[in-house]
Structures are given as C-alpha cells and as structure tokens.
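When the chains are written out, they are named A, B, C and D in that same order, and each has its own residue count from 1.
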Amino acid sequence: MELNAEMEFAALDRLIDSVWNDILTHSRLAQSIRTGSISHELYMIYMIETFHYTSHNARNQAATGVMHAHHPVYAKFCFEHAAEETGHERMALHDLGSMGPKGTDLALPPPLPATETLIAYLYWISTQGNPYRRLGYSYWAENSYRYILPLVRGVKEALRLSDSQLTFFIAHSDIDDAHARHVRAMIERTCRNGEDWQMLSEAAETSLRLTGRMLEAVYDQYELLQEGRPSRYDHVRRQLLAKP
Amino acid sequence: MELNAEMEFAALDRLIDSVWNDILTHSRLAQSIRTGSISHELYMIYMIETFHYTSHNARNQAATGVMHAHHPVYAKFCFEHAAEETGHERMALHDLGSMGPKGTDLALPPPLPATETLIAYLYWISTQGNPYRRLGYSYWAENSYRYILPLVRGVKEALRLSDSQLTFFIAHSDIDDAHARHVRAMIERTCRNGEDWQMLSEAAETSLRLTGRMLEAVYDQYELLQEGRPSRYDHVRRQLLAKP
Amino acid sequence: MELNAEMEFAALDRLIDSVWNDILTHSRLAQSIRTGSISHELYMIYMIETFHYTSHNARNQAATGVMHAHHPVYAKFCFEHAAEETGHERMALHDLGSMGPKGTDLALPPPLPATETLIAYLYWISTQGNPYRRLGYSYWAENSYRYILPLVRGVKEALRLSDSQLTFFIAHSDIDDAHARHVRAMIERTCRNGEDWQMLSEAAETSLRLTGRMLEAVYDQYELLQEGRPSRYDHVRRQLLAKP
Amino acid sequence: MELNAEMEFAALDRLIDSVWNDILTHSRLAQSIRTGSISHELYMIYMIETFHYTSHNARNQAATGVMHAHHPVYAKFCFEHAAEETGHERMALHDLGSMGPKGTDLALPPPLPATETLIAYLYWISTQGNPYRRLGYSYWAENSYRYILPLVRGVKEALRLSDSQLTFFIAHSDIDDAHARHVRAMIERTCRNGEDWQMLSEAAETSLRLTGRMLEAVYDQYELLQEGRPSRYDHVRRQLLAKP
C-alpha cells in the first residue's frame, strides 16, 4: 500500500470512530442496552427497521455495478458483494419471528421516515456522483462489529435470547471480516486522488449519521408505545409479544 | 425434475432449434463462412457489434436481480451470473485488436440500430413484466455453442486466426457449460406455471430473432464497405486492416 | 431556418417517406384495408397493440426530460409534450370497447413481442445516447396522418364505424398538427451538427421500421385466429365480437 | 370538499406549521436574518445549496408521473407541474451571479451531504411507495412563502439587494400561488383513505425537516469560513465576494 492510502485510511478510521462515539454516547437505544433496561418492544422496533434497510443493501450494491460497468474490476466486486448480501434481511426477519409464536406471518409496518431517508441516500450514492461513494458505506458497515457486538451481547443477556435468535448479528460478524478486507482492497484500487477519498469519506460519514438518526427515531417510536399512544407497531407487537 | 418441466424444456429446445435453423439457413454471414468467403472486414464488423451488445449483458443481468429482490434465490443467481459475465466484452475487444497493429486504441463506431434494438429489448425483459424472462435469453445464449462453434472454426480457418485471437468464443464455450446447467436449474426452480413458461419462451425466441436481425444488419454494412460507399466502419477498418 | 437545417429536414423527409412506402406496400394489414377485406378481428388486434405501445408514449417522452434536464428548453418541451400525450391510450381503449357490448371490462392480452420490442427501443432512445433521438420518433409520428388517414377512412367504411368509434385517430390528427410544428422547431433548436442529425435520423427510421414489424406481427396473429388455432386474443374476441 | 378532506388538510396545515416554527426558531440562519447579522457569505452558501436541490425538482416531479402513468389525471398534473418548474434553478444561479462581477462562470462546489440527503429523499418518495407522497412535498413547498418572504425581506435589507437580484424568491412567490391551488385540488382528488393521507403527511414532514437540516449544514459551513478554515466554498467566494 502506498503511504498515501495508509494515511487516508487512518484519517477515515478516525472520522468513523468519532462518529460512532458520538452516536453511541447519545443514542438512547445504546444507553438502554448499557443499563440493561432494553425491552423486547424496543428491540423489536429496532429489528423491524433493520430488516427494512437491510432488504435494500444487495440491491443498491448491485445497482452500483450496473451504473459503473466501464470499470469491470469494480463492477464485478459490486455484483459478487451483492450476491453475498442477498437475502440477509431474512435473518433479521427470522430473529424477529423467534420472539413470538412459531409460524406467525408478521404484519410489518412500513419503514420509518428516518429509515427511508437512509435507504434513499444509499441508492443515491450507489447510482449518482463519484462511483466509489458506496464503498464508504461498506467500509464502516463491514467494520462495525467492534462497535455493535458489545451491544448485541447486552441485548442477548437482558432479553435472554439464544444464539439461534441472533442469527443476523452472529452471521454478519463472521461474513463481514472477509468483506471488510475486500472492501479495503477495492478502495485502495479505485480511489486515485483526493477527490475520490473526499467523496468516499463524506458518504461514509453521512450514511453512518443517518443510521444514528434511525436509532433515535426507533427510540421515539418506543416512547410512543410506552406512553400507550397509537403506534404503527401495535399490530406486530400483538403478534410477537402478546401476553396470555 | 417433474414430467411437466421436462416437457416444457423439450418444447423450448425445439423452438430454439427451429429459430437457429431459420437464422443459420438464411444468414448471409453464416453462408459466407460455410463457403469460405468470409473476409476480415465482415468478421471485424461482426465482432464490433458483438462487443457492443456483450458490454451490456452483465448489467442487464444484474438489473434483473435489482428488480426482483423479493426472490432471494433468483436475485443471488442474477448477481453471481452478472459477476461472471462482467468484462467479457474485453475479450471481444482483444480479439478485434489482434487483427491490427499492437496497442492501437480502436475508434469503434456506435452500435448499429439492430444491435441497439437487441440491447434495448434485453434491458426491457430484465426489468419489466414476468421476472423470469431474462432466463429465456440466458437459456439459448448459454447453449449456443453447438450452433456457433462450427462457424467459429470456419472463421478461424478462412482468416487463419490462432486460438489466442479467438478468446471471446473459446473462453465462452468453456464457461458457458456450467452456466447452462445453472440456468436450467434456475428455470426449473422459478417457472411455476404455464404463463411463466410462455413468457420465458417468448423472450427466448424474440431475443434470438433480434440477434439474427443483427447478423443481417452486419452483412448490410459489409455490403456498403464492399461497394466502396461511406461507412461508419471506415475509420476502424483503416486502423485494423490497412494494407501497407 | 438555416439552409443546413432545411437540407437536413428534406433528407429526413425523404428517408421517412421511403420507409413508409416500403411498409405500406408490403404490409398485409394495409393491403387488406385497400382491398376492403379488413375484418373486425384484424382491426381489434391492431387496436390492442396500438393501445399497448401508446400507453408508454407519455412516459418515455417525460423520461427524456428527466434524463436531459441540463437543457431546460428541451426538458420543458419534453414535459409539456408528455402532459399532452398522457392518457391517449384511453382513446384506443374506448374505440376498442365501442365494438362490443357497453361497459365490458376488456381482458387484454399482454403486448406482442414485436410491440414490446418497439416499446423497449423507445425507452432506450429516450434515456440513452444522443439526447435528441426521441425527437426522431416524434417527427415521423406527428407527421404520420397523411399516411394513416386514408387507411382509417378505409377501415371506417369497411367496418361501418362512426366517428365516435374512431376517437383515437381523429383526435390525434387534430392534436398532432400543432405538435408536429413544435417538434420541428425543437429539432431546429437542438440539432447542432451532423452527428445529431445522423442519430436522430437513425432513431426515426428504426422506430418506424419496428412499427412496421408490429403491423406484420398483428397480421400473423390474425392468421392464427383465421385458422381457428389457439390465440392470445381468444378471450377478448369473445368479449367484443361474440355473435348471438 | 368533503368534511373529511377539510379535516385532513387542517391537520396537515397544523403539522407543517409546527415543523416550520420548530425550524425557524432554532435555525441559526433564520436568527442571523432576524438580527440583521446575515452576511454575503452566508447568503451565498444558502443560495448555492438552494440551486443544487432546486435543479432536481422538475426531474423528480416528472419521474413521479413516469412511475404512475396508470392514473392519467395525476400523471398529467406531474408533467405539467414539471414543465413549469423546469429551469428555475437558473434563477438561483442568476441571483448568485449578481453578487459578483458580470459574466463570471461560477465554480460551484458539489452539494453538501445534507442537500444530497434531501435530493435523494425527494427522488425516493417520487418513485417508490405510495404514489401521492410527492404531493406532500409540493404542498408545503408551494405554501412556504408566508414563512420565507419575511426572511427574504430581511436579507434584502441587510445585504442591500435589489429585486432584480432576488428573482428566485420573487418569481416563485407569484408562480406558486396558482401551483398551491393545483396541488391542493390534486390531493383532494387522489387521497382516498387514511393511509394516503398518512403517507403524504409523513413525506411532507420528512422533506421539510430535511430542508431544515440543510439550513443547519449551511450554517456549519459558514462557521468554517468565518474561522478561516479550508472550505469547499473558498473558490466561489473569491469569484463572487473578493475585495479589491
């Protein structure tokens, strides 16, 4: 690796680390996990929104390759990565379903506006502007398990979930190690100048901040539920968490 | 395999075989190969148009997956297949370039209208209507080497080309055996009813007939060259085939 | 108008006239009108396919503007023209429906492959390549009434239709005079060089020839009906043309 | 108008009013206008970002019609509205340019991430999900002049701008009265049930909040300039605001 790329990666890592710290410090969802006060309701809302944005990841990754076919090495990477990500939202759905009676056909509400904003932004950077921007999203997402796994462990304990109810996070933490290396190698290969790195960093930061806003919106919805006010999650909550 | 699928494949094979026979019987390009009168000019025009439509195949294959992500097994197949097809147009370009002086940066004309019509139709069936239509194109394309390889051998002899100048066809005939099996398996898995098979067969026949029309358009262009009339291929011909 | 544009329009007019003559001479549908042997079945099939491609015209016209917003005068023209074309397929549907019992909810078959090929090509030229190519389609389409109205009169007589059953053609022949002038003015304004004119002419010729092929495919379907063989039009024919 | 629609409009108006009040109360840009401390730099940054998102409005409005052509009255409205909005970004560019020496070819930086997020969300609601969501954006945007004009007057005074330097806002406040009525009528015509109104309201609120975030991001960039730190606006500032 050139010195230059090493410096750029170091700066990118610092940026991402600082945004993560910002999110984890202020996120009420993260706080509730650290204090052990996380509830099934809150986890359910989080997993529903995770299902929604995850169900677009393979698609917007492949769309990147469709738009940038003039660079075959990059396009091939996009298609391969898309193939590997396909259907991962089913794991989120499985984990959700495992909270309730078997075989329930869940009536999920549509994504929250904050989730749709994240989804919309991911398609935008996948198909418009600098071709390497989506790598910025992949870069932090594939390296996110150091931040997320402690929280997953907290959820697991607090809600007494088994590993077979956490397939989404456990599978991803394995898969994503290899992905993370591929993503790094592809960034080295594609980003040639300061503008490429600038555009990639901006996309990384923005997609991570929009994810942070999704977490806050999840908590807002949880508060509505807590206050007994009408909620888009009422129906699915009854399916999954009804007490006899 | 169900009896039903076996019968549908047999009917599809008969349909494709009859369209191929129709094309090969009437194609002036095929006739010129059989009689040994194929020239470098004619082969050059054919390879330029092949380059053009091939450069869209991975893209429209991936676009199929982007549109039909609700069926993860199929979407994954589309992305994997797209990854494998990515960059194959470079082989066509390499083979073209091998006809001329080394390192020439070829000035290719835009695709012929008949080539664009094929490209447009392939994107259309990839993104609109019955989701399995593009499998109809893959099915005949991945099984086309029985029809094409005799012609490739004829071209090789007549133009005294080496294997290293025919990478596009030789590589494809190897790769496509495995692809052909995957495509067949995916058709078995996805096509559930008569309408699926009908839509797939229509797309197979139409894309093959549009390919046949492209071959005729190639020959029309060759005739313009022969008659010494102005042609979109004048410039690239001078690059590749200029006599000292 | 510059001399140059006048010469280009004259060449374009000659090209289009010659393609029209080619189509009208060989079209079995046109021959059946000239000889008075046109039947309700044949007209029905033609109007169904006309409905199908017409239902995409406003959409692909607007898509042209979406793609070429960097040229506001052209984009505005595209959006205005799209607004005027919106819903014209309803007139085709009304005229079709007027052949049968009132209030029937017609069960139209999907478009023929030849119709889909035309539709696919029109989206392609609307969104890819030279931005002015779709003007080539508009140019011949908005000037087509000199070729089509004699045929419409023939159909009207042979099938004893009233004007209120021919709204699609009668309305269009009025509307399209103004459109034709706008299209001509926009071509003058946008086409700056030989390549623009070449791309526009190619798109005009190709879209007209694909329309001609649609007419042949309509006749092929009519022959199937005549021979009493199973047809995609069986159901709608029973709805519209059932004898008591 | 049905009682129901009247009630829904009243609820929508209250929602939009409350989001506007929230934005105007907290926006540092709005505060700087109210206190008369708005500077040319801050206004310049705001107008550049306004140029960026405005340049997509006609396109995403037309894209709505392209996706929802099955509803011709709505599609026609979308195309007409798009035609009227086409090129309005040129007014923003004109007003920007009027701050500097005549005829300067401005070197605008790319949109801020917050601006791109707004743009991405507007395309998303224009092409995905409930077809009437973009009307929610139009509804508040076409009625925004009661909130914006006092600020425009403040800017005008503080920066001593003439009306001919404020064409973007002045032209829009005229045009948009008629638009606002059309948008209201179209909402009445299209929104049939609670879900339509819910989706439209969510899109209205989300797009207005994303606009508010863009205003904050504009102010963040202004602070960078103030602190003398490197900024994406350095170049254009030298073009427009260089002191001799």
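Here is the rule we go by: a contact is a pair of C-beta atoms (placed from the backbone, for glycine too) under 8 Å apart; a residue touches a chain by one contact, two chains touch by 3 or more.
Nothing here was measured: the structure is a model prediction, and the numbers come from that model.
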Which one of the chains is farthest from subunit A, going by Cα centres? C
Per the C-alpha centroid definition, the whole-Å distance linking subunit A and subunit B comes out as 39
Could you give the separation in Å between the centres of subunit B and subunit D, each centre being the mean of its C-alpha atoms? 48
Counting in whole Å, what is the centre-to-centre distance of subunit B and subunit C, each centre being its mean C-alpha position? 29
Which positions in subunit A are in touch with at least two other chains? none
Chain adjacency by touch: line, ring, star, complete or other shape? ring
Taking the touch rule as given, give the residues of subunit C at its contact with subunit B in the complex, in rising order. 110, 113, 116-117, 119-121, 123-125, 129, 202-203, 205-206, 210
For subunit B, which residues count as touching subunit A in their complex? 55-56, 58-59, 62-63, 65-66, 69, 72-73, 75-76, 79-80, 82-83, 86-87, 90
